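Consider the two complexes below, in which subunit A is the common component and subunit B and subunit C are the respective partners.
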Partner chain A sequence: MQSKDKKELLVIAICGLITGAIAIALVALGNPANMGFCIACFLRDTAGALKLHSAGVVQYIRPEIIGLVLGSFACAIITKEFAPKGGSAPLTRFILGFFVMIGCLAFLGCPFRMILRLAAGDLNALVALVGFVCGILTGIFFLKRGFSLGRSYKQPVTEGISFSVIQVILLILVIAAPAFIAFSESGPGSKHAAIIISLIAGLAVGCMAQRTRLCMVGATRDLVLFGEKKLFVGFVAIFIAALIGNIVTSRFTLGFEQIGKVAHSDHVWNFLGLYLAGFGCVLLGGCPLRQLILAGEGNADSAITVLGLVIGAAFSHNFGLAGAAASKAEDGTINPGGVSTNGRIAVIIGIVVVLIIAVLNTFVKKNAKKEA
Partner chain B sequence: MLDARGLSCPEPVIMIKKAMETKESKYEIMVDNRTSVENITRFGEHQGYKVSVSENGGDYTLTLTR
Partner chain C sequence: MDFIATFYSHFGAMRFKKEVEKNGASAVLKPVPRALSSSCGTCCAFTAPELPTPSHPDEVEQIVEITEDGSYKTVFSTLE
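And then the complex of A and B:
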């Protein structure tokens, strides 16, 4: 192995370890269980705070999201990688983002939280991981046959910086906490580290993710497609740091039963939820975290994808599509939670829609080119 | 010359990988972002090619030779 390769792997391994450690620290400092980072949950909470949905227990403007985008933005400016671009099938990306969120919230977590849950011994995340990998493999099937959402083009500066400016406005809102913003008084939305800590954590991880191109989907995708293990090393490093952190802080509980940890054991829907997320994210070119990082770098297509994720979260809670966490009543009865009928139908619709998008942008496009 | 400008990874790498099936000793590909430069360079070197990069106004031309 060349020394350049070794250095690259070492850098992403260290960044992955630091990211995993920060995630554990955030939980110790107030974030919900196994939710040091969860892009799906945090976008959902932010959507709730802006009253795009009215689920009272999941409303809070998460400073981690703001930090991730602004950290990436700052790094991209410093390294001269900031480049406003867009125009690659924005509406298709919005729809993909929408359904990726439906899938994530059925499982109760994005791929990042899947790793964190797994590192806490939550075996439901293992079921989801299998679904996630199957989704990625399905996406790869189409990538290998020419799937593409088309080219992006250079855009005016406003197109590149607007998403970061929105984050600054959100930061002002979370600090000022005006009455028109909703903040949960109970439930996961009420659990959070101090704003400054969450923000710094987001900035640090945003910076590292921008430099290393960290991506939960890319990890498996690049390994399968090209035998490239760089991103996979980052994925594993996050897991290892979180695993050690959970054991040290006595937060590791091996098993399917994870009462109070925002999880359920509806196996089929944990599998299919992250199958949908994995499949959709491969078509989008990256996981929800990567979309935030790219949006910070000035990619308007990724910003549109994030808006799709946000609206997906709003629909998910407005129409009862999100999974319900297992809980224990005061008399000791256990409510297993799970995914509602509406949620199951939404996940199936999502898989069908993503499949149609994949087919149309692989085979139909190719045939149209041949005829031309 | 392959033109992968405007395409994001993994598409540019898939493009060069498919081109390499002809087993030629030299390939050229244009991209417009540094992630693609890094990924193609890494992939090319792992396939036994020497990779050189030149930049022109935000576009990068990678030349892979062996």
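And then the complex of A and C:
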């Protein structure tokens, strides 16, 4: 291995370790269990705060999201990598983002939270990890056969900068807390670190993710397609740091039963939820975290994808599609939670829709080109 | 000469690789080096006596030549 590659690998490993440590610190400072970072949950909370859905327990403008985007934006500006671009099948990306969110919320977490849950001993996340990898492998099947959403094009600066401006507006709203913004008084939405801490954590991870291209989907994709381990090392480093942090802070509980930790043991739907997320994200070219980072760099297609994720979250909670966490009543009765019938149907529809998008943009497009 | 070509899609990279191999060059697909771009797509690293002309130039983002000191010199680009 060349010394340049070794140095890059070391940087990714260190950034992964710091990211994992920050995630654990955020939980210690007030975030919900195993939710130092969860892009799906945080976008869902932000959607709730803006009253795009009315689930009272998950409404809060998460400063971590704002920090991730602005951290990436600042880093891209400093390193002259800010490049406004877009125009690569925006509506298709919106739809993919929508269904990726449906899958994530059935499981109760994005791929990032899957790692954090795994590092806390939550074996439901192991089931989801298998589904996630299977989804990525399905996506790779189509990538190898010519899947493409078409090229992107250079865009005006306003197009590249708009998403970051929206984040600044959200930051003003969370600080000013006007009456028209909803803030949860109980449930996961009410649990959060101080705004300034969440913001700094987001900025730091956003910056590191921009420099290292950290991506939960890219890690598996690169390993399978090219035998390239760099991004996978970042994945593992986050896990190791979070695992150590959870053990040290006595937050490690090995098993499927994770009462009060925003999780359920509906195995089939944990598997299929992240199967859908993995499949959709490979077609999108990156996990939800990566989409935020790319949006910060000026990629309007990724910004549209994030909007798809947000609307997916709103639908999830407006129509009861999201998984319900296992809980214990005051009389000691355990409610196992799980995914509702509506949620199950939505996940199946999502898999079918993503499959249709994959087929149409692989085989049908290729045949059309041949005929032309 | 050693080159690295980056693309707008994985498919573009696969098609280009086949093309340069057909012309006798050795080529390999791999993730885009971080030093070259912040994008995490697929690139085609290849060795050829001279810069090939891509048959689908709209799929190619850029082609760089790897100089003796290991730096990149852009020799083809559809980026503005």
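By our rule, the second predicted complex is superposed on the first by the 372 of 372 C-alpha atoms of A that agree within 3 Å, B and C clash if a C-alpha of one lies under 4 Å from a C-alpha of the other, contacts with A are read in each partner's own complex, and residues count from 1 in each chain.
Methods note: a contact is a pair of C-beta atoms (placed from the backbone, for glycine too) under 8 Å apart; a residue touches a chain by one contact, two chains touch by 3 or more.
What you see is a predicted model; the values in this text were computed from it and never measured.
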Partner chain in contact with A:222 - subunit B first, subunit C second, else both or neither: both
Which superposed partner A:152 touches (first subunit B, second subunit C, both, neither): both
Which superposed partner A:290 touches (first subunit B, second subunit C, both, neither): second
Partner chain(s) touched by A:143 [first = subunit B, second = subunit C, both, neither]: both
Residues of subunit A that lie at the interface with subunit B and also at the interface with subunit C: 8, 79, 81, 88, 143-144, 148, 150-152, 154, 213, 218, 222, 225-226, 228, 230, 285
List of subunit B residues in touch with subunit A within their complex: 5-11, 13-14, 17, 32-35, 38-39, 42-43, 45-46, 58
Interface residues, subunit A side, partner subunit C - complex: 4, 8, 76, 79, 81, 88, 143-144, 146-152, 154, 210, 212-213, 215, 218, 222, 225-226, 228, 230-231, 285-286, 290, 297
Parts of subunit C lying in touch with subunit A, wherever the complex brings them together: 8-12, 14, 29-31, 34-35, 38, 40-42, 58-59, 70, 79-80
Touch list for subunit A against partner subunit B, complex: 2, 5, 8, 79, 81, 83, 85, 88, 143-144, 148, 150-154, 213, 218, 221-222, 225-228, 230, 285, 294
